[in-house]
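Sharing a structure here in structure tokens format.
A, B, C, D and E are the chain letters, set down in written order, and residue numbers restart from 1 in every chain.
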Amino acid sequence: MGKKTMIALITLALAFVIYPLYQSYNGSETLKDVGQYYIDNGVEETGAQNLVTSVVVTYRGLDTLGEVTILFLAASVISFFLSFSKNDRIKSRSIRSVTEILTTSTQVLVPMIFMFGVYIFVNGHLTPGGGFQGGAVIASGIILMFLSNPRFKLSHKVIQFVESTSGIVFVLIGAAGALMMDGDFLSNKIPGFGFGEVGSIISAGAIPVIYTFLGLKVGAELSNVLGVFVESQSEK
Amino acid sequence: MVDILIYTAMAISSIGVLVALVRFVKGPEKVDRIVAVDVISTIGITLILILATLMRREIYIDVAIVYAILGFIGVIVVSRFIKRGM
Amino acid sequence: MEGILEITGGVFMVLGAVSLLVASIGLYRMPDFYNRIQIGTKASTFGASLSIVGVALIFPGWIPKLLAMLLFILFTNPISSHIVGRTAYFTNVPLSKRTKVDRLKEMSPGHLKKVKTKD
Amino acid sequence: MEYIIITIGFALTIFGLYGILSQKNMIKIIIGFSLFTTGINIVMVAIGFIRGGTAPILDEAGKEIGKYVDPLPQALVLTSIVIGLGVTALMLAYVMKLYQDKKSLNINDYKDLKW
Amino acid sequence: MKKYILLFITLMIFWLLLNSSLSLEVFVIGAGVSILISLMFCSKCDIFNEISLTPKAIYATLMFIFVFLGALIKANLSITKRVLSPSLPINPGIVKVKTKLTSKVGRMVLANAITLTPGTFTLEIDGEDFFIHWVDVKSGETEENTKEIVSSFEKYLKLMYG
């Protein structure tokens, strides 16, 4: 029996396993209980219009903390693996000069992309956005800076400062919820944070604050991963 | 009436995606594929806009802007990957 | 009951979709890469802009966000296709047989040396 | 409509598994893995779909429609996407390290853990 | 100093467009973020120094937008004709044109405008020479091509960015 047949057999086996799932699926008309509960009570309990945000930050806030930790671990392991010795630095990464249009347009585009990332995570409770998405957009701005300037180097001090500070603030806000209110870790009803009218930018208590720091943390982590990849490329 | 026009626009753009997909499969060069992806991502932005119009929800436009940013950066990254340093 | 503005917006969206289809057909029919990227860039940018104008006519309340998006597309699409075109020329993608002149080839070889692809 | 989406999800899952098993190039295996993850994410989102529902964001336009899809699978998929990103980046880092050692991307050249 | 203020204004306009609201909180948050970002990035954004805001420049900007929109529509009509006609009437080639613009923004806007207007596509920029792929080449002479492709945009861009 050749390798090809084995592969085909395993793929077919997976297809057979998931075919009953596919067959029994019929699009539903009504929500399940948990989803219905979030739809009915989510806005009153958290103040956030975007229910996905309220699930991610408040109802399942602890999971999000774990998720950020996993991302942080991945970033640290990558920078540990690909760390390179400082003495053999290459002269330049590029063979040809970067086109003039890209270097010019980057000066306008990168601040605007950063602004858009900030818009995404500040409005995480109103629009389909949030910390993770905004962090990814910020990291894409960093990619543009790497591409337009072959000698661009990320300042690791700034990255580490932003990352650790926002992580600490995230945990502190969660602890403040546990201490000041009824003992819920990462509750969003903390005195001092704005509870404006639902739908305005300052509403939903601690959710926008948490999402802002989450966005900064994710953006810093992803930029760190990118920076490590690019620097390990320029080795030898 | 307007809904019929919007559905027509949706159908025509979807045919556009299919035709561009033929060029993506045929190649023959890598850059041909990149251009096909560029055109497909522009059509995708328009499709998201059409969806927002049909559902009457403004917030979907944010998704379209994010897609525009990621498409732009993706094209530049892949062309840099081909040229090994621009 | 719809106003004349909304009908106009719908017509604009259909025109934009037709322009996008023209982009795809041009991508399919043109003989070489450089002609393809010409058609692809211009027609797709124009189609997306027309669609945005159409949506703005249907929902006038969305105009600020649509304006931001329109400016972004008009600004970035030519840049990305310029970069792809440059990449193509310096990785020796062939020009069509119908090409009349190639003034870029006459440049001083020191400046425009073609990139060797290392595999 | 929802059948199209769930079909695409399952098809991506199967193609991803086929890619993982059949390719020799490690980068292509990672791409297969990424397709697999994407397929499962699409299936998860499709399961939370309600006919006629819209995104679970309860602003004015959303309240007019009055029917929403399930927010819970979307939140789970958000988590899953981020973790998938971390795993993919980690795999790429391993591959780069392996390539620096042996100058080969072929999976058959790495027999250190084979018995 | 000028570049900081201009970048701040650009970002602020972008922020207000995205939020499409003028309430106090939005304004305050946007101003704070814009100041932070412009302080972070403006060590490199020299191109904002080249923008002039005299009445003449604003008039030139408006005229440029009109000329550009006209050229865009004309370009797409000609493209549609070319693509849909069965014989594919193309006559391609790469030509060289010269520009007198010195400012970086002006050259970038010129290159983008050339890419989006009839039958032309900026392939490479080298100093004052632009290399342009043209679907319908008439001659290989630099001067004639410059007159045909560049000059209609250049006179406005010259006023706008110097």
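FYI, a residue touches a chain if its C-beta (ideal position, glycine included) is under 8 Å from a C-beta of that chain, and two chains touch if they have at least 3 such contacts.
All of these numbers come straight from a predicted model, not from anything done at the bench.
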| item | value |
| --- | --- |
| Joint neighbours of subunit D and subunit C, given as chain labels | A, B |
| Length of the shortest touching-chain route, subunit A through to subunit E | 1 |
| Chain nearest the overall Cα centroid | B |
| Chain pair whose interface holds the most contacting C-beta pairs | B-C |
| Farthest chain (mean CA position) relative to subunit E | D |
| Between subunit B and subunit A, distance of the C-alpha-averaged centres to the nearest whole Å | 24 |
| Between subunit A and subunit C, centroid-to-centroid distance (C-alpha), Å | 31 |
| Mean-CA-position distance for subunit C and subunit B (Å) | 11 |
| Averaged-CA centre spacing for the pair subunit D and subunit A, given as whole angstrom | 16 |
| Multi-partner residues of subunit C (each touching 2 or more other chains) | 25, 37, 41, 45, 61-62, 65, 68, 72, 75-76, 79, 81-83, 86, 90, 115 |
| Where subunit A touches two or more other chains at once, by residue number | 95-96, 99, 101-102, 105, 108, 112, 116, 126-128 |
| Multi-partner residues of subunit B (each touching 2 or more other chains) | 56, 58-60, 62, 65, 69, 76, 80, 83-86 |
| Interfacial residue positions of subunit C with respect to subunit E in the complex | 19, 22, 25-26, 29-32, 34-35, 37-39, 41-43, 45-46, 49, 61-65, 67-68, 74-75, 78-79, 81-82, 85-86, 89, 95-96, 98-105, 107, 111-112 |
| Interfacial residue positions of subunit A with respect to subunit C in the complex | 95-96, 99, 101-102, 105, 108-109, 112 |
| For the subunit D and subunit B complex, residues of the former touching the latter | 54-55, 57, 59, 61-62, 64-65 |
| Residues of subunit E that touch subunit A when the two form their complex | 7, 10-11, 14-15, 18-19, 23, 25-26, 29, 33-34, 37-38, 41, 44-48, 104-105, 107-108, 111-112, 122, 124-125 |
| Touching residues on subunit C, where the partner in the complex is subunit A | 72, 75-76, 79, 82-83, 86, 90, 115 |
